[in-house]
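Here it is: the structure, laid out below.
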Amino acid sequence: MKRIGILTSGGDGPGMNAAIRAAVRTATVRDVSVVGYMDGYTGLITGEFQELFDRSVGNVIQRGGTILGTSRCPEFLDAGVRFMAVQQMRRDGVEGLVIIGGDGSFRGALAIEAEHGVPIAGVPVTIDNDVWGTEETIGFDTAVNTAVIAIDHVRDTSEATGMMFFVEVMGRTSGAIALHTAVAAGAAGVLVPEAHEQVEELVERLKRSIERGKRSHIIVVAEGDEAGGAFAVAQKVGTIMNHPYRVVVLGHTQRGGAPTARDRIIAGVSGALAARALIEGRSGIMIGIQRGQAVEVALKDVVTNSHPSPDTSLLSLAQELAG
Amino acid sequence: MKRIGILTSGGDGPGMNAAIRAAVRTATVRDVSVVGYMDGYTGLITGEFQELFDRSVGNVIQRGGTILGTSRCPEFLDAGVRFMAVQQMRRDGVEGLVIIGGDGSFRGALAIEAEHGVPIAGVPVTIDNDVWGTEETIGFDTAVNTAVIAIDHVRDTSEATGMMFFVEVMGRTSGAIALHTAVAAGAAGVLVPEAHEQVEELVERLKRSIERGKRSHIIVVAEGDEAGGAFAVAQKVGTIMNHPYRVVVLGHTQRGGAPTARDRIIAGVSGALAARALIEGRSGIMIGIQRGQAVEVALKDVVTNSHPSPDTSLLSLAQELAG
Amino acid sequence: MKRIGILTSGGDGPGMNAAIRAAVRTATVRDVSVVGYMDGYTGLITGEFQELFDRSVGNVIQRGGTILGTSRCPEFLDAGVRFMAVQQMRRDGVEGLVIIGGDGSFRGALAIEAEHGVPIAGVPVTIDNDVWGTEETIGFDTAVNTAVIAIDHVRDTSEATGMMFFVEVMGRTSGAIALHTAVAAGAAGVLVPEAHEQVEELVERLKRSIERGKRSHIIVVAEGDEAGGAFAVAQKVGTIMNHPYRVVVLGHTQRGGAPTARDRIIAGVSGALAARALIEGRSGIMIGIQRGQAVEVALKDVVTNSHPSPDTSLLSLAQELAG
Amino acid sequence: MKRIGILTSGGDGPGMNAAIRAAVRTATVRDVSVVGYMDGYTGLITGEFQELFDRSVGNVIQRGGTILGTSRCPEFLDAGVRFMAVQQMRRDGVEGLVIIGGDGSFRGALAIEAEHGVPIAGVPVTIDNDVWGTEETIGFDTAVNTAVIAIDHVRDTSEATGMMFFVEVMGRTSGAIALHTAVAAGAAGVLVPEAHEQVEELVERLKRSIERGKRSHIIVVAEGDEAGGAFAVAQKVGTIMNHPYRVVVLGHTQRGGAPTARDRIIAGVSGALAARALIEGRSGIMIGIQRGQAVEVALKDVVTNSHPSPDTSLLSLAQELAG
């Protein structure tokens, strides 16, 4: 393999640039040239790319977002469009692809592997930690830390005023961010899609805490919780308890920012191993973390299995420690 | 004066603890004892207080919120309640009060000075920077920095995806946070209560930027902007432009957190000067910053004048630099 | 068991307070009362302690350091002193101890277990990640992130000026902080006690990078590297290369600060499990992380085995990605 | 004026990029083209520059360092070299220069103005806040905040262990960083070149604090303090007191990092006004902050006057509040 392509696809996440950097340098040191397609599969379709040299990825390891741009690209669901894209890619001399993104992105990659034999290797980056085959997606650690720091701010006001705060974090289908955030932030409660507690239990616990003199009350609500978003939950709880409250929706602040050390390390390892796998002739794999080790996982398993629920023992721990 | 009281009132702001610390130590070094009333004027009414020694305010300079608690206390609008509170205060041997809060808090203070001759000195803490008589309230610098850091995160995603982001910051009646945040965050536009631009102009500027290849587009909206909140503005602009966008409401994350160096310094200077003024026999004053210097300002002027609009030359600067 | 004691010992690390909080609340919810001995084993000797209630550990999860104080206590090496301490402890009604610290602290704990049958459970907190039986000590993740953020600052100046920076991180006998920091910070080189590269190789790599136009050059040096501290290494490399350089010693800034989300979570889980083990009648154990799961490890194995070297595959990765 | 040049010179400081961005966009909106000389005066000599468009300065407002590179350039002290540089500049069609740096950089600028009539405008960026004619140089606020955050970390350990910490901050000839840092960090003492206190007084104060039960002891030492660096002071104090201590030298971590909101705003205003002054035909000026307002100052006054000492009332305040 003399030339590979890299693209970032789907929602951006902190660590994408660290993964790009690692893949580029792993390739160049093996005399494989690299192009970066712009804006995910869109660049593959339009043929918009830039050559990536060692220096192209200098001073980017610490940056959130992605220097290649990203997009969701519904056009790529069309087999005809994929055919054209692969033609384009071959004209560019590109022999394999490193795909950096979530499992939606991996479906597109598998399609061109199956249809056209394009070698592909995936690196899972998404703040939601909802990709099968890896214990921890790149971006998750940063997103949780961002949420925890935001709640540290909010706790100051909760402690100062006694008001309850309902904080909505990202995670439409996964409560992973919510659970980890709740434990790390010392939350009084957490509502997640997978195993949310009854509002009644939460109310009882909050009442007991207030009786015992607790001042700050943080309730973490995952975006996708079936009890409704943070506003609905807050109104329900606030009305029952007749206790002042506020709602904070952290939203997109969780998606950007400089990646944590951990995300940079996992991204570096994963980007390097993905490029190495391609160059050594393997395809259809994703680099996942299992039992703390980076391993190659079959991409077809990644897209056909759903991510296991997050560790709900954290849920009971958060409740027991809420005080 | 042998004994003074301190209380924090209204919305909490970063720097309240630094101001308490400074007032306490300024008093104790002059052999004046200090009590801290809990939860603002509520503690004055209920007589709930704690003695504050040098060690009581150790290791608090860096903390957001207030170790004394705070509240809005509508009962204090009642003259009879104020009379009772002053009786209580005198039984506690407290001869004067340092009031830390916004201009609402200062009204209550002036009332008990006028009615009962209680010596009072104010320290302006509010993130909104909307107090007459001072160029910069304590907490403002921290709130602006918190907003700017949050937008740095959001910009990563805007740059990665090309989506526009409408970011709502605090400031119900004042655009100070919005204006400073917009300039510091390199925003493409800012809408504030005092001098918001027309949505049409904003749309034109955004279109030109996109044509020139700009990827990240941040529009800062003050909570109190008359064009409506960030959601309304976003929908209007997004519909006209047919360009994808997201809304982020920073909310209470701006109110807490460790104060910046600047807020700690202004709080330290102001808390010290307020206590000193009381002890030296002056009353009815607030410590303000004017032309960069700490000065004593008459509290009755503070509550009768409205804060001048923030520097709207920053508005045209932000627009010109938006690129 | 009706009453347990908690102490923090040795060097402080971020997460100690989160571990104390978790142990206290795990106990109180089981109707076991808790005392906190002050300043590590010193408090056990002098009998200085405080009762710890649910509210005693409110609002501490986010704080670095330890609310109980810590010390290195050489007196505790004396069997007679230990005997007196246990007598004291029994007079206080304390039936078991949660020891939060590094392996030095666990030796003292094992001694009083062996000599006097005192039930003990350990929680490993040290920024150095050098405790046998756990993949990750509490405090390590925070320390690495602190170092990486500091280097992000330094890289700005290296990139702006082209000067090389030699950054010394903590780790007298372990290169774990250095290795992880180097990969996460995109360092051009890393020198660690376990497997440092030859200065000559480093010089060759730096020369190649400079030829290829690289501007920023960060070399991470572990405190205990046998090539000497950062100053010695820097002088050697700087002299050979005749290239301007600066040295930065991060020192104690790495030890404090708010713990990361990850450290808070591991601390919460570990503190809870340690208290639970004691209460359920187990002793002589430490809560470790193995293959990503919290498990009970025999403390006598912890103190007799030495920690495995950190993953030096990270070393070659850092070198290959240095660009 | 149809074309101007920009360069950054001397030590880098946070806010340089925000100033470059402002100057570029202020020029382009007035149809003046801009080139950026690389590495300060070095680029002016070698003719190495890049065209700067609106998009060249996108996404840089938040970055420390300087995208143009910087250097100290002793060659520029030579009048012959300056002559050559100006020739080069004129061949490039550049009619005036925005110089971003400290007062050393302004001397070079004044020389080419005097010798060759080159229009120049200065923007003061240096973390040391030691430039005459402005109350606050760009970069200072960021450096102080970086130091304060580092000391917040150190205080955790000081509080946990009772050890004294001597923290050396930057400022070879100016104690401004040290003084502001000390007040904001709640330091027990501060030693600065301008007005350092006697070591004996410091020892007395520390002793009294320890007697009163104070645990954390931070002493801030300016790099240039005549009592010697932090190590010398620490040894002196530690020996007299026989109290354990540690030394931390913050060094270059203070120079980089994302600029604070305040530094970005001052940089934006100053960069814009400097470019505007040039374009409107004024020269030999620097944009300074006086009484909180941006004004034009004569550069020849800047280089002939020395910066007034920092506000040493902060010194006595820090001491009084030390507790």
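For clarity, chains are labelled A, B, C and D in written order, and residue numbers in each chain start from 1.
The rule is short, and it goes like this: a residue touches a chain if its C-beta (ideal position, glycine included) is under 8 Å from a C-beta of that chain, and two chains touch if they have at least 3 such contacts.
Keep in mind the model is a prediction, meaning the values are calculated, not measured.
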Measuring between mean CA coordinates, which chain is farthest from subunit A? D
Inter-centroid spacing, subunit C versus subunit B (mean Cα positions, whole Å): 38
Using mean C-alpha positions as chain centres, tell me how far subunit B is from subunit D in Å, no decimals. 28
Shared interface positions of subunit A, touching two or more other chains: 152, 155, 159, 215
Chain pairs in mutual contact under the definition given at the outset: A-B, A-C, B-D, C-D
Subunit C to subunit A touching residues, read off their complex: 18, 21-22, 25-26, 29, 54-55, 57-59, 61-62, 135, 141, 144-145, 147-149, 152, 155, 159, 180-181, 183-186, 212-216, 258, 260-262, 264-265, 268-269, 272, 291-292, 314, 317, 320-323
Complex interface listing, subunit C residues touching subunit D: 8, 11-12, 14, 16, 39, 63-66, 69-71, 146, 150, 152-157, 159-162, 165, 215, 246-257
